[in-house]
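The structures considered in this document are given below.
Look for chain A in each of the two complexes below; its partner is chain B in the first and chain C in the second.
Let's turn to the complex of A and B:
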């Protein structure tokens, strides 16, 4: 019996030691020989001394291996530093990555900077929860903390002395590349500077200066509706609610009319003394046939296009919001015609998921340039008025008006009614664009989303990018999308309590590494072995980008259904919301031909987007269209004021706004759903929640933020 | 007599020690429960101090700034007052509904079980009714949401029936309508817990002497008279204890089911103190106010238990203490 027990124990010990050996073998160890030479080349020169000048001149001292613990939480175990896929990944050099190991990119960095990385993250924990939990131990459990939407907390705890003051470190010669980056990008510096004038975190910076999302449609529906001869339109009755925007005093005649320029050299005269909405509303019989014929006749009479569809498609597009709604009505009223009788109902407008319903609010831009979000983030709800004062967009009368217009559209069935319910987790884009050939197809027409994924061949080969509606933005008729890529409220910081001086210096080196060319490429595209070392990819913008090898494309197709973004994140460890500058080159490389056509269309047009400098849109008040940093650095007292005396940052505020869209026009609000019948009532809700104090507090924070830079 | 007086004068500590030594096995059995209460019920009470502080996790409970009763004032008359009183009202209403509709069902079930003479059938039905109790709240609410879901592409069976009856507009989910929340919550609760809760009443019924039933039969009593004059009086102590405990828990609506079923549109009927506390305390990071909600809740529950116990003692001579 004892012998048997001894054998069992011996076996268990062997199994355990084998398992531990497996756990401990990182990609680096497996590929040590292959990468040793490369690493030596990659390592920055070792500094001889420890003086500040020496650090600045020669880079960090990487002689000794330093252990660094990371707590980087994103609420999704697939997106952490640790490889959490069920199937192992075999890299081109034969290295096998299995669950529990560091993802390849992190192993590479670990090796390049002579560190020993340990991921101590509770893999599925949300960033905010992680920060709350770790704050109780003064962030002593790791050296580097990071995640999504935590910039405000990193700044707050930084001012409390919990995170390393990176400004001081930069002064001392550390983080030279990051320092240079900030000097070149003062908007980023402003956005991440805490109220005490110091920087405590390195942010994730999206492709600043690039378009975030754009309008994508089913192209053939427009041509078959507007260009086809003897079309068999539907004749079922259609009820109208929307009364038009360019009507009455706002008619596009006289000074309010004129010429628009979608592209340099292309001028479209809008002889719009007639309103298509009024024309459609005045029809005695309203159905697919009459509404569409009215629109075609209107285009023929008011424009000089070869084909009516050109009002919407291609580089000569010059439609405004009323003309877009008129088209949506035609689509809604012609389900049988457009789907060959497969569907009784089609949905003109939808968002990818219910959680993206705020995208609907972006139509506000096209009702005379109303500001709603500004940047890609729904939390970006501020604008600077002509007096330099921050204003909360959601509480403005113009936004209330937009909600009422959207409510008219909802009543006409122009917006997919499943878009509002947050408990619905369906991917509406897949349902409404990706089921045409299925047994129970559903059909949608237009959405506002990212180009690459929306024009993927696997989704629907009929989708195409169009120019945004032309609108009076900043008082001038122009093409504008209030949705530029932004500095994200994500990033990372170095713990004071959890780190020795040696670890702080090495953590600085890690942070800085991603602002070197090598680190930048690594985080955006992956390992050198995954990139074609001889050829470059030429993007539609004419720029050169690293070109992925066939291995990347093939493996991505096999394991991630061709979604390169997911593959790089979840398998390789790239594109994580750590402190780095994201580049668009990877996205270009999985964009379809129609997607490229979309990029080209937008690039060659006069369309401008929101920027931090406020440059782009013409007009006299660039402040209004200036992007505001995603978070403001609040003092302890300001945080207390916001949490104790206001209740604006709650989800029921957004629900309240969407109740207006869903129920105001139809008057069918269910019991319990509050619907503001006037702007006064709407504003009252915000005032009851402490709007004035909320704005005053943020104004103070904004003034401090802008004055310390 | 003299000896007993001497016995009485023995120090109290010694008596207790003697009793413990005598019945040490029982005290060992009691120990885990005492430890459980000490660790999970008494020690956390120190955290109630948060209700009087501007709690910042980095400074801990003792290190955070003292604010007096500011959090309570903020709650009852500050910017959160509407939500707080709404949650307070909902908690009471849902509890009252639970008491009215949820409390009798396990009793009825127990009475029915007691009347089933076939052992196999009784055990089978009992087990079948207990089963939902062992499913997690997430599973139960997931099934519920599926049944009441109503969307453009599909609808759950209950939502479809309601639509057919004209009680629900197509495309409108029942979970988006405030008036459906409370019935839904109560019904799901009954489905999940009534079988399991019937155990205690069934045990009480089983404890009633059969001779009492036989005597009533001899006197010519029918089935309803058996229940009226034997079963109910026999169950009375259990019923009263259970109702006191129920009243004590009136402000303790389980937050899990509410959290899983509700949304911002139906806060007006669905938001209860525990979910309000979770939103304001955890999600908004306003720990002090969250703790104030919790303390307020506990104090009222405490008062309710004492009140119910006193009333019960006076009218039925059965009480918890």
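Let's turn to the complex of A and C:
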């Protein structure tokens, strides 16, 4: 009996040991096997793969109609896929589009790709709110999600498995045209690749490599101020605060910007080390007359121009930031003279809207090349240093100095005072440039904005593009604008939970369609029936572009006051921030002659702009001219770190910076407004908000982004 | 025999304490490595594999074993091992369970070695990319694990031995008692 018991126990022990040890494998080996098994399960089947590979050659299978639901939010019901205009639109072929229907371009795509599109968007919802809401339902309510400024969210949720991995799809043969586009544009690929090395969304790509914003002014004010003889300048007192940038050891002369080249073969020499700001500040009586005369005399003594205005206008312009501020002073001090007595106040500098107030900070470029924004977006508060590491700009001492210079300008009344108030939704550009003939005109002089819209004849026939101030940028004296067209943080992605395999494949076909010639033209210009099939438009760059028919121009004038951009977006469904490459040809066709002249001026000059390739005159930082990606792909840990331990991305940081501009020089801060009186105090605010951690997190995110490509 | 029975009762409580200790250990097993949770970057894929696959899998296994150990305590109550000498059935069942327990502890012990060895071979230099600077490998949990499972093995062996001894002595005593009772009966009958 004892022997029997022993045998049973031994057998049981052996069986259990075998079970426990996983037939001899350790837990590490078991985990490896499990992972390998899971990976194998996630891989598309070989047979499916070979079928899919054929897609690239034969195109997507469109034989069966597939229903696709879109949730594409832009916070404006006029800009969605659905036609939301009160009046119906009759297309040239007689088709009538009424409210609630898909816009014509989307109906065209629906037919071209044999789909049944449904726009499930809450029409006025903002993109961020839409994503937030839909994330709670695992994005199961639609097949395609898109909108503005959501690229980071799309990337993040993509890495969490909520959106289709487009890299895998491209590998499997889908999206062949998008894949080819990325191969031709590696900068775009880098910018949209998530930290795990995959792509989950297709972005809206503006006309990259083209000039973004530029300086646009009222041309006649410069000539009438500087070139007119016996001008009746104003004589009201003017108070100065700005002490000058090219003063003291930094006087502009000789090696320090004494000779500059606005255009190949054209050299402009500044003959002395005189500072116009010092000269104006030294005047015993400061008014429109004395300030302007001092500027004219200064130009005559320092430059060999036929007319003093040439310092600012045309291809030989060679003004620096001090000379621009000196001109602004003259403008500010001569409101009656410049407006024929219609106004007591004029505003030398303004931004299009208060929400664009950060454009003022771009003047930093002209104070020895201070980088404030690394891209088109105001959220791009980074630049890439010489070691390839991103650095947070807003906390830099040089940025604080720029804020102080702007504060001096503000104190002198050179910046439009309504620009700072975010609750003010007025279009300041329309108000300050577009009311000259109105009953209560307002006047502004210079802004930094897009050429086409800023030089529109309907806005003001006196506006003109000028070269940017010449400055030492990246250690080299040059003409530079830190605002090239960018890859936008907008776009769309395909939901995993909301889609069947058939819908995913068709959604891929939709995404890819806008990278075919047909889809590209459709999204950029409109329906084939809206384009002249025989003639082309020749742009100022010499390239051919699709030409709009008269129907487009006439209908646009009738329904959208001639604003072609608005007509194409709000009536036709084109130019939406979906995943596509925008082309400049559309913009050319609604640009005025003065706009073309501006383009010509900049194109023929030595002006460098920021690009993703980052090419420019060799200087201190080889990465200076490089634009940073539109968004950084953060892991959940990194996002948690930012949200839990830092508070730098809150709006009050920008408000804090603008408090310096508004109140520091004059010391007139209202109660409760915090104004940093020194850089140490300014930096402390950022450090208190977790600057070091914030910077390190983004630096590592950028390092990962660049390493996975 | 009484001394052995007293030892059996003590060992029942010692085993209970050991089973609870192991259970507690499995509850806190991952704590020391919580920093390694949520790593996403490919540079740290081996570390996330270690945390998400190796440690999690092992923790699930030892937790199940620890629960079984707790169930064994309940079984020992049911079999009245805290208060009575085990009969043949109780001895058989419980010895079987103890063998299982020893097997589990040996499995845990040897796998901690394998896991520790894997952990030592990990490359932590890219953890800074996910916000972790200066990460130092931790071995305390592994060391405690060695001790705990070694103790559990010893306790199980000792407990099993005591149960066996208690049972055999009791059987002997029974036989002896039965033998002496037979002699008395015979004497009575012959008288």
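What we mean here is this: the second predicted complex is superposed on the first by the 653 of 709 C-alpha atoms of A that agree within 3 Å, B and C clash if a C-alpha of one lies under 4 Å from a C-alpha of the other, contacts with A are read in each partner's own complex, and residues count from 1 in each chain.
Here is the rule we go by: a residue touches a chain if its C-beta (ideal position, glycine included) is under 8 Å from a C-beta of that chain, and two chains touch if they have at least 3 such contacts.
Since this is a predicted model, take the numbers as computed values, not measurements.
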Quiz item: Does the superposition put A:197 against chain B (first), chain C (second), both, or neither?
Solution: second
Exercise. Scan A:697 for contacts with chain B and chain C and give back first, second, both or neither.
Key: second
Practice problem: Could you tell me if A:670 is touching chain B, chain C, both of them or neither one (first, second, both, neither)? | Solution: first
Quiz prompt | First (chain B), second (chain C), both or neither touched by A:297 | solution = neither
Exercise. Give one of first, second, both or neither to describe whether A:159 is in contact with chain B, with chain C, with both, or with none.
Key: second
Quiz item: Which of the two, chain B or chain C, is in touch with more residues of chain A?
Solution: B
Exercise. Could you look at A:424 and tell me whether it touches chain B, chain C, both or neither (first, second, both, neither)?
Key: first
Quiz item: For A:644, is the partner it touches chain B (first), chain C (second), both, or none of the two (neither)?
Solution: first
Practice problem: Check whether A:659 is in contact with chain B, with chain C, with both or with neither, and answer first, second, both or neither. | Solution: first
Quiz prompt | Overlapping contact positions on chain A, where the chain C interface meets the chain B interface | solution = 636
Self-check item: Interfacial residue positions of chain B with respect to chain A in the complex
Solution: 54, 56-58, 60, 70, 74, 78-80, 82-83, 145, 149, 151-153, 169, 171-173, 175-179, 263-269, 279, 284-286, 289
Quiz item: Which part of chain A faces chain B closely enough to touch in the complex?
Solution: 132-133, 135-136, 138, 157, 160, 162, 345, 347, 416-418, 421-424, 426, 431, 440, 442, 636, 640, 643-647, 649-652, 654-656, 659, 668, 670-673, 688-690
Quiz prompt | chain C residues touching chain A - in the complex, by the definition given at the top | solution = 38-43, 49, 53-54, 57-58, 61, 65, 92, 95-96, 99-100, 102-104, 106-107, 110-111, 114-115, 118, 128-131
Quiz prompt | Residue ranges of chain A in contact with chain C within the complex | solution = 5, 8-9, 12-13, 16-17, 20-21, 26-28, 30-32, 34-35, 159, 195-197, 635-638, 641, 693, 696-697, 700, 703-704, 707-708
